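The following pair of complexes shares a single chain, chain A, combined with chain B in the former and chain C in the latter.
Right, the complex of A and B next:
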């Protein structure tokens, strides 16, 4: 089982944010899509309070948006960007929960299909070096959960992750994305060198 | 177009990202670890240890050309530096280095059957939820791109 060469990955990962913008008309960013799903319980609560009989999905969306704003204030940036030129494509409507959900589920499915195609089950853990560093028990799961907390907190505070800042924003030379990308690469390299020093690789 | 095309497109893009991350080896902790250490602790950088870094940098370069060619005038929201840029980036990097999973990678790992990644995904969701609560309380600015 061999992985793709670097150039095949560059083609696939480079084409994705551009095609995504052209079709979906939202900046590509996976932490935002997951974040959309995190707001699900709140949005259900809002929908329940306002009664079940809503005329349309648009009405529900507007209501949810208003409720989100009420709760988080202006922390949520306004929907809609400034048009940067004549004849430019406008920003599309905010993604719905079903759309974000479809993306996330299909992404997991993509992993499954790629795995079946490659013809070898990976087992429940993440790779030989991971087990060498953290074992394969409760402690290792604890590391993953804690690391996940850091990822969730960091991408929320930085307002983007490796796709939103690393791919999409950096490719558009956005200052916030370039700085965030440098920061997460430096931190990841630092902690990886520490872990690597412990396991000797 | 909107009613069915956009959800279908979202599913197609998600599927493509899942396949690409998996076939590139981004879901393999050993490969991601090699990318971040660049092989410095095991005989120096090599084509194998720099493969994912080249893929990532190549992707940014290609997307730069793509956006310049097809979307130069488009109203894509800008991403300015703000108070959380550095702190958030550093926290995210720490987490990615430990778990080997950025938000998308962790989900794809789970899809591949690497069930341990369920702990990473749970961490990401809880971390996002908690941080939003804290942000609302202390009036920090947060959101993520979508």
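Right, the complex of A and C next:
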């Protein structure tokens, strides 16, 4: 079994958020993309209800101009015209179903390719250490399911995952992301030590 | 997108974003309607804004 060199993985992980920003113009985060897939039906329902899905660009422009004058008066200051992020940089449009879905499928395929490259058969198991600790029956599946629940709950509470906080947020020196990254790294190391201790005993 | 949108972003995103209805909805994990304005009103196609 062989792994990719560590530096190749580091370069790929470092390049991904940068490339994502250059192409999509939005901060990169896997849990955000997954959450987007989950929330799309709700967004579509709201769009149908408000009529947004049926409106033309001209209709929306006219409605927004009227609402803007109503809110701010006729003396509208001359400012830029695109939605912006927290630091004033223009943001791109949010990803739709096809784009977010393509990313999730590609992520699974990438994992499959890496697994095959490392000489391991496709499957849900995480390797020899995992099997020594939890076996490979229903109990192991239950552990994976519980782990998935914890990851989902954790990323929801922290509003981001290891990519959103660890890669994107930390690279942007966001204090919340730096703190979140320290917390989940410490927790991950602690759990790994516990599992290692369980295997050894 | 629309020129007027810049006014809203200047007054909400870049200053009092904690008052923004879109920000609040996202914080409360509710879906953020495309036509929800930062002041809490919703643009209505073919009707009165609410």
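Operating definition for what follows: the second predicted complex is superposed on the first by the 138 of 201 C-alpha atoms of A that agree within 3 Å, B and C clash if a C-alpha of one lies under 4 Å from a C-alpha of the other, contacts with A are read in each partner's own complex, and residues count from 1 in each chain.
Rule of thumb we're sticking to: contacts are C-beta pairs under 8 Å (C-beta built on N, C-alpha and C of every residue); 3 or more make two chains touch, one makes a residue touch a chain.
Values in this document were obtained by computation on a predicted structure and should not be read as measured data.
**Student:** Go through the superposed model and pick first if A:149 touches only chain B, second if only chain C, both, or neither.
**Tutor:** First partner only.
**Student:** So, does A:170 touch the first partner chain B, the second partner chain C, both, or neither?
**Tutor:** A:170: touches chain B, not chain C.
**Student:** Applying the document's definition of touching, compare chain B and chain C: which contacts more of chain A?
**Tutor:** B
**Student:** State whether A:64 touches chain B only (first), chain C only (second), both chains, or neither.
**Tutor:** In the superposed model, A:64 contacts chain C only, not chain B.
**Student:** Would you please give the residues of chain A that touch chain B in one complex and also touch chain C in the other complex?
**Tutor:** After superposing on chain A, chain A residues 71-72, 76-77, 80-86, 88, 156 contact both chain B and chain C.
**Student:** Would you pull the chain C residues touching chain A in the complex into a rising list?
**Tutor:** Checking each residue of chain C against chain A gives 1-11, 13-14, 17, 29, 31-37, 39, 41-47, 49.
**Student:** Spell out the residues on chain B that touch chain A in their complex, using ranges where they run on.
**Tutor:** Contact set of chain B toward chain A: 2, 6-25, 27-31, 33, 36-38, 40-42, 50-52, 54-64, 66-67, 70-82, 84-104, 106-117, 119-132, 135-136, 139-146.
**Student:** Which residues of chain A touch chain C in the complex?
**Tutor:** Per the touch definition, chain A meets chain C at residues 39, 42-43, 45-47, 49-52, 54-55, 59-61, 63-68, 70-72, 76-77, 79-86, 88, 156.
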